[in-house]
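Two complexes follow with chain A in common, the first pairing it with chain B and the second with chain C.
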Partner chain A sequence: MTILLVFAYILLILIGAFLLYMAFKTDDRRYIYAAVAFYVIFPVIVTLKLPITTSPEVKQLYDAVEALPDSSTVMLTFDYYPSTLAETEPMSHAALHHLFRKDCKVITMTTIPLGGPSIAERVTRKLAEEYNKVYGIDFVNLGYKANYVAVLKGMGTSIETIYPTDNSGTRLSEIPMMENIENYSDIDFIFVVADNSIVDYWISIVNAQYNNPVGTGVTAVMAPRYFAYISSGQMTGMLGGMKGAAEYETLLNKPAAANMGMTSQSLVHLFIIFSVIAGNIIFLTSKKGRDGKRT
Partner chain B sequence: MKTTVPVIAAFLSGFVMLLAFFFNPETSFLGRLEPEVLSWVTIVGGFTLLLGVVSIIRVNYSSVKRKSSGWGYKLATLVSIFAMAIPAIFPVRWSSLFGTGTGSIYDWLFNYIDSPMMSTMFAMLAFYIASAAFRAFRARNAEATLLLITATLVMLWRVPMGEALLQGIHGNLPNLINTYIMNGANMAVQRGIIIGAALGAAAMSLRIMLGIERTYMGK
Partner chain C sequence: MSLVEYIQIWVIAFVTLSLFSFLYRDNPFYKLSEHIFAGLSAGYYFGLIWHAVILQQMIDPMFDNGKWWLFIPGILGVLMFSRFSRKYSWISRLSLAFVMGNTAGIFLLSELHGKVLPQMQSTMLSLGFENGLGSFLLALIVVVGVISTLTYFYFSKEHKGLLGGVARIGIWFIMISFGAHFGYTVMARISLLIGRVQFLYFDWIGSIINLFS
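Presenting the complex of A and B:
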């Protein structure tokens, strides 16, 4: 089986090299597209288990959640659009695994009108079923409310003022879990999963003004921006892109979608790097040739 | 009147929120003023959404009526708006197909049409990035070469196969990238951008509160 796997991946590398050669030869970008498609799809069919090392930012977030007393109240946000589901949904899954495993009370919410409440509902109910959690006792979905700055600020005074009802229209006063939860002071940790700059507001409003610890899961493109907040202590750890989610899954010993995606991502990254290097070698040699002809 | 009232409203709202940051609303004269202003912001936010929907319907409807170029796409936009909105507006007690809950028409349209379409559009980026990197990422000068080397190192560091490759070169290389590139150069630049943007936002807020900046009124 291992020999077959090695053979399959050698074949895949050769196909990629051939497609890259054809792209250079014919100057047709469709060969590049074909190579990327191969590298994305093939590892999904023939999965390779790669060793995942944990970065300090992910470990910090894991440790912060792990250190919460059992039955703590945690707010988990689904601040992402469906376009980035591949990166962000594994983070939400991993976070819920961790929180339900620790018997935490989970409040979910979103600042994204397009599908945010649906994603929160789908993901949370799926994981709740696995851990035998009951809606209204172990978790609540607050849904969406317009104008996120006012929502984030307003929940500092009263969650019920901002969200008089949950996502399905039940009054918060009728939900047992929300009986003793009035505002941020009753929430022990905030886990923000986002694909946009809402993270800045969670830091500048909720962490800075209400002292709530905020941990985040963001897309790989966004991650470099938030190292500054981790260093200043305003952010308690971060999952950066699918790799961050894979690291969290590994720490939880629950390898899932993010771990599976690592092979595709590795191969595509390596292919891009290889094509950039090859492109530069051709660029430099052709430039040298042109310069040589001129002199 | 058309200018004075919005300027006074902007000043008072901004001033209340500014004071609320420094004083405890429960013990100070502010009382319930801050949550009251925030409720108003949420209500006005709801109306802006409505305004957006009305505007998009008007623009697209007039194009469909005139059968201007691409009117078919505009018709698709209108049909999509109504198909998503109308079943979501009706109360759930009429039928489980209404509302936005699991099993509703809205939920079905979102999960099986909207979500795959948005994911597909975003996934196309990978192909364009690969093609653009191969064609345009050239070491033309010292700055471009530095960017090329840094990007290559970070791209390798962000994936397990690349990380293993870096560890093969030098066992501590991934940690060095994290320390010196991400938590060093990158963080210093990002911090500068964040502080600069925050100062800009503070200055802009002050201009709005004092009525100097009036572009939000269309002036």
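Presenting the complex of A and C:
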């Protein structure tokens, strides 16, 4: 097995080096595309696994959810479009695993019209089935409502005013789980999974004005700007992109899609780092580079 | 697996591969998928807004619950269509004025209370050694980073001498921030590709294997 793994890694290096050499030689960027495709596809077909370590912000979020008393009420948002499913859906999966495992009452909602309501429905039903959770008693899907600022602000006064019915049209007053839930003061934790700036409003409206703890799962593009909120204590942990989702899955001991994708991720990153270094060395040792010309 | 699921998977696979084919060169399959996406999104969005906003939040409460005052935002919405006429486009400014005033009022408080003040507070760190050397160094980086970056964006005086030196340090902090953003962006884009590859391998090829086994 070890010999096979060594052989696989040597093969990876050789093919990457060959494609990079061809890209530099022919000046054709499609060789770079081919290399990236190869490094993504290879670990999916031949199961290669690299270790995953946990970042402090992911551990902080995990600990915050873990510290919730059993049967707490948690709001989980599906504020993302289908285009970022690869990053965000594993976060929702991991969050629901954790929440259902702790017997939390889960309220799901979305402020995204395109795909949000159906993703929330599909993911929640799937996980609920696995944990034998009953709709209306253990979880409720509020669905979509337009104008997110008004939605976020309005739920601070009354959730039922904003969402008179759930996603399937049942009145909230007829749902047993919602009997004692009036507004944010009845919600113990808010887990926002998002691919857009709605996260800012969960922080600046809900956390700042209603003091609800907010933990987030965001796409990797968004992650750097939200570290400031963790430092200031406004955000209780964060999952940044597929890596964050993979770390949460690891902490839960439920490796799934994100874990599976991380080896491809690491290999492509190594290839890009190597390409940047090689490109710079080739440029600096070329005549143009020696003359100090940039183009 | 049902027939509907097979069709779903094959349609998704076809559209995914058509879009990837652009990496080789522009082609009719790519164009077809692009147009399907644009048309489908517009149709879906229209249907959803009609149902979730116009029906659920205006017409139903008006007729079922007697909330007749909802005709006011309804009219404000209709006024926006005056933008299509050159002569009467000024009428749409009434709606825009309402939206702008409303938004400014909501955001003034939330931005100040939820962003500006807490973020300012979190940069006002103690530069003492009471929490150890590591804590001191981190606080020093934050303080130097904030001051030098703000100095870089001070344009009322030429960046020369001390001001220029501090601004140059600010550029370094900005560049490091751009680097972090770029690294994370690469990770995001690769994640999307991984998602598609996982779909093609497990769902699409899986469905083919399933079909013949």
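Everything below uses one rule, namely that the second predicted complex is superposed on the first by the 287 of 295 C-alpha atoms of A that agree within 3 Å, B and C clash if a C-alpha of one lies under 4 Å from a C-alpha of the other, contacts with A are read in each partner's own complex, and residues count from 1 in each chain.
The definition used in the following text is that contacts are C-beta pairs under 8 Å (C-beta built on N, C-alpha and C of every residue); 3 or more make two chains touch, one makes a residue touch a chain.
Just so it is clear, the model here is predicted, and its values are computed rather than measured.
Once the two complexes are overlaid on the shared chain, A:167 sits against chain B while remaining clear of chain C. Applying the stated contact rule after C-alpha superposition, one finds that A:146 touches each of chain B and chain C.
Within the superposed three-chain model, A:207 lies in touch with chain C and out of touch with chain B [touch as defined at top].
In the superposition on chain A, contact is made by A:234 with chain C only, not with chain B.
In the superposition on chain A, contact of A:219 is made with chain C only, not with chain B. Of the two partner chains placed by the overlay, only chain B lies in contact with A:32; chain C stays clear of it. Taking chain B and chain C in turn and counting the residues of chain A each one touches, the greater count comes from B. Looking at the shared chain after the overlay, A:45 reaches chain C, while chain B stays out of its contact range. In the superposed model, A:69 lies in contact with neither chain B nor chain C. In the superposition on chain A, contact is made by A:260 with chain C only, not with chain B. When the two complexes are laid over each other on chain A, chain A has residues 33, 36-37, 40, 83-86, 113-114, 145-146, 149, 153, 200, 209, 220, 224, 228, 231, 240-241, 243, 265, 268-269, 272 in contact with both chain B and chain C. Interface residues of chain A facing chain C in the complex, by the touch rule stated above, are 30, 33, 36-37, 40-41, 44-45, 83-87, 113-114, 144-146, 149, 153, 200-201, 203-205, 207-209, 219-221, 223-224, 228, 231-234, 240-243, 257, 260-261, 264-265, 268-269, 272.
Listing the residues of chain C that touch chain A in their complex gives 23-24, 41, 44-45, 48-49, 52-53, 57, 103, 106, 109-111, 113-115, 118-119, 121-122, 177, 180-181, 184-188, 190-198, 201. Note for the complex: chain A touches chain B at residues 23, 29, 32-33, 35-37, 40, 50-53, 55-56, 81-86, 113-115, 117-118, 121-122, 125, 143, 145-147, 149-151, 153-154, 157-158, 161-162, 167-169, 200, 209, 220, 224-228, 231, 240-241, 243, 246, 262-263, 265-273, 275-277, 279-280, 283-284. Residues of chain B touching chain A in their complex: 17, 21, 25, 34-35, 38-39, 41-42, 44-46, 48-49, 92, 99-102, 106-107, 110-111, 114-116, 118-119, 121-123, 126-127, 129-131, 133-135, 137-139, 148, 152, 155-156, 158-164, 174, 178, 182-183, 186-187, 190-191, 193-194.
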